[in-house]
Amino acid sequence: MAAFVLDSLEPLIAELRSRGFAVVGPVARGGVIRMEEISSAADLPRGARDEQTPGRYRLSTHDGDLMFDYAASPDSAKRFTQPPRQTLIRMRRGDIEEVEDEAPRLALLGIRPCDLAALAVQDRVFLGGRHPDPAYRRRREALFLVTVNCAVPGGTCFCVSMGTGPKATKGFDLALTELADPHRFVVEAGSEKGVDVLGALSQAAACDDDLAAAEEVSRIAAEHMGRQVDTEGIQQWLPQAHDSPRWSDVASRCLSCTNCTMVCPTCFCTTMEDSTSLSDGTAERVERWDSCFTLDFSELNGSPVRGSGEGRYRQWLTHKFATWYDQFGMSGCVGCGRCITWCPVGIDVTEELANLR
Amino acid sequence: MGTRKGTAVTRSVRKRTEGVPRLAVWKFASCDGCQLTLLDCEDELLSVAAEVEIAYFLEASSAPGPGPYDLSLVEGSITTPEDLERIQHVRRVSKHLVTIGACATAGGIQALRDFGDVREFAAVVYARPGYIATLDRSTPISANVPVDFELRGCPIDKRQLLEVISAFLAGRRPVVPAHSVCVECKARGNACVMVAHGTPCLGPVTQAGCGALCPAFDRGCYGCFGPMESPNARALNKQLRALGMSTPELVRVYRTFNATAEPFRQASESAENSREADDDA
Amino acid sequence: MTPAPYRIRSRRPDRADTVTLTLEPVDGACPSFVPGQFTMLYAPGVGEIPISISGWFRPGGYVQTIRAVGAVSRALCHKRRGDVIGLRGPYGTGWDLSAAAGLDVVVAAGGLGLAPLRPVVRELTAHPSLYGRASVIVGARTPATVIYPQDLARWHDGHGIDVQVTVDHPDQAWTGPVGLVTHLLDRIVFEPRRTFAFVCGPDAMIKATAVELVRRGVDPRRTAVLLERNMKCGIGRCGHCQLGPLFVCLDGPVVTYDVAAPLLAVREL
């Protein structure tokens, strides 16, 4: 596919906005890279770098023009494709009304290759089965995806092990690789929508040096993974490790706080909350993010099926890395490392898997 | 005596009474803050008032109606011999009894007396401690009479209070999850303050309900809503120590509004005995 | 995920805490079902729970039996004739009756587990020539918690099915057997190697019954069990009903015991 060079992202952002997209990109706020609506390239976190280790995230600012010199932020695309809360129905007397929220047209600028892989997982979960989710489809189809290939993997990244990065190969409308000296972006279109947007910008064809530099960025990134997982045979051996003493060991450290599942870009579990209005008796059903670490999650006839911490941790890890294959034909993990960084006590799935093996 | 959670509360209040359900609000040892949450409801209070007869609520009316009551909201802990008798009366005249706030559900900040000698305190504070009739301990309502539902918080959350009242009127289980604050924190879009800033936070061991108010303003959770359903304070304490908390700080952070809620009591006592620090060394 | 409005056409209290409802769509046709499938029943403002389908009535509607154990089931049990509730489905796998053709049939139920088995027995009574000897064994906590007593009597007296009921806690009027449902396997006649079994009840009852059937020589692949797990959506999306690799709502609730056995053997799976 033809590659081009952009000296600035300003025209791209302007073009996307003119097409009716709200552009959501990385900004530095409160010491963390967050995905928020931006109006200009000036909003991007120039010079920001992150340091990610189990249970620790720190952001610092450096000289230079680079705007994407960090790894995955706590925000994946999940928040946009599967909102934390959504009202499903309202019922008044005998009438049941389906609530259809309008899907916002969003351009996600700077989402990472692991997050594209996570979107592919979500697509399989929400659209690939016997009961496709129309609300997810609406939100998904309203997205324009501008991925940025990773240059500096975080200390908790293991996308190479999971085969999802650090360079995006599919699932994007546009893919950028950021280059320094001079600061520029090599850009490729991955869809007709991407070709169309790119065609509206004035760009130059990428020269061999640009392409070689971009390849070098991805090559070096691939060599600097913070973590790794040996996935060989994992679908078979992990479920069989159900009696390992390691489960009670990790449970002694695990808070059952749900942070890993909340930040995971593929964890899709939800629960329903029902309510009635005091004033007019309208009944409402809300779907919200849930987690297999709560006791209510497996409640059956008054008590949880998975009452112990080891039972709940085992469910999460085994589902993510093994039974997900049985259910969806793919791994539930994309190697983004968020569950490791954002675990308040720094439990490291790669370490747990290595010990369980 | 325990708490009759969930199932016992699900029978409709309305269906079991003639006409409008009658609501009563009672106060024991407390600061009134939780009862005032009901007055804070303002707009929604009108809806509540349309659905129930607020028959006994001294904060709002000087003309209390006689019992029995369909739903009693009880604030405060039991700290005096007179309280002990009065709560039995409240239970007798109430079809459903819901305790509201950390005092009523866990003994409150006044339960700090449990860690010392109340007679010694009285001797220090009062010129004539002989006039003071007080119990050795501050106990939650559920330690004294059966309770149909406990609503946590110091103070309680307005949304949750309305939810509990609505649920009782509709005959359903209140949507008051017992999971950690972290669930609400992440749904709200906060980044973890422990991970991002190294700020000690009790959110992972604390029950949700506040909407992750403090972490939304970059502060650690203070544990106002008491222990969550499966707290692992020992694991959290190790991390809190790694973030620089000293033993006295750890003890203090658990001994606030829910000091004698059992998991928090154990957390502060094991921190105090430094068993954890030794074990982990 | 939007329930369709269904009207309660009739309501029959079965036992103190159990009610059988017949439900018909407020508008449109009622989708057909396979015995063993369930629907998600919605009590407005209270919640939604999976309930097995126990029968069909013409021109189109479901018979469903509910025991009041939680807020939602209690709310559904308190509904009256003419009330409108929400319904989604039917969902999940059903009993494979064709696999039982020509074989002896053992229907084993624990408590409310008889509800999803009722249409199986009705099929046996409707087409007795298609099957071998048919037996129904039922275990319940007390005589008062045995559901469908009239059906049990009719199946026994009118259709020649061997119906045996046992209880854990007899009352003074009880003259039948006392103890586990597995003990009833001694009282019925079936040729294990030519038998198909349908089993439904709590996990422990399913395990005990299936183990005993297999021990006597019934093929685990001819032992169908109906599993129960927490369900919020019924369509494989909420994640709650997972049992190892299975979504019980999609891959179950009916599975054969060769599939269920290794999963039920793992604690807290």
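Should a chain be cited, it is by its letter among A, B and C, assigned in written order, with residues numbered from 1 in that chain.
In this text, contacts are C-beta pairs under 8 Å (C-beta built on N, C-alpha and C of every residue); 3 or more make two chains touch, one makes a residue touch a chain.
If you're wondering where the values come from, they're calculated on a predicted model, not measured in any experiment.
Asker: Could you name the chain whose CA centroid falls nearest to the centroid of all protein CA atoms?
Answerer: Per-chain C-alpha centroids compared to the overall one single out A.
Asker: Out of B-C and A-B, which chain pair has the most contact pairs?
Answerer: Output for the comparison: A-B.
Asker: Could you state the distance in Å from the CA-based centre of chain A to that of chain C?
Answerer: Spacing between the chain centres: roughly 41 Å.
Asker: Please compute the C-alpha centroid of chain B, do the same for chain C, then give the distance between them in whole Å.
Answerer: 42
Asker: Taking each chain's centre as the mean position of its Cα atoms, how many Å separate chain A from chain B?
Answerer: Whole-Å distance between the two chain centres: 37.
Asker: Could you tell me which residues belong to chain A and also touch two or more other chains?
Answerer: In chain A, the residues touching two or more other chains are 274-276, 302.
Asker: Send over the residues of chain C in touch with two or more other chains.
Answerer: Touching at least two other chains: 45-47, 69-70.
Asker: Give me the residue numbers in chain B that touch at least two other chains, ranges are fine.
Answerer: 6-7, 170, 172
Asker: Once bound in the complex, which stretches of chain A touch chain C?
Answerer: Residue list for chain A touching chain C: 88-89, 91, 93-96, 98, 125-126, 129-131, 133, 239, 242, 268-272, 274-276, 281, 283-285, 287, 290, 292, 297-302, 305-308, 310-311, 314-315, 318-319, 323, 326-327.
Asker: Would you pull the chain C residues touching chain A in the complex into a rising list?
Answerer: 1-5, 26, 42, 44-48, 69-70, 84, 86, 202, 228-230, 232-233, 235-240, 242, 244-245, 247, 250, 266-269
Asker: Where on chain A is chain B touching in the complex?
Answerer: Its residues touching chain B are 30-32, 34, 55-58, 74-75, 79, 84-85, 252-259, 262-263, 273-279, 288-289, 291, 293-296, 302, 309, 341-346.
Asker: Okay, in this complex, where on chain C does chain B touch?
Answerer: Checking each residue of chain C against chain B gives 43, 45-47, 69-72, 74-75, 78.
Asker: Going by the contact rule set out above, which residues of chain B touch chain C in the complex?
Answerer: Where chain B meets chain C, its residues are 6-7, 10-12, 15, 170-173.
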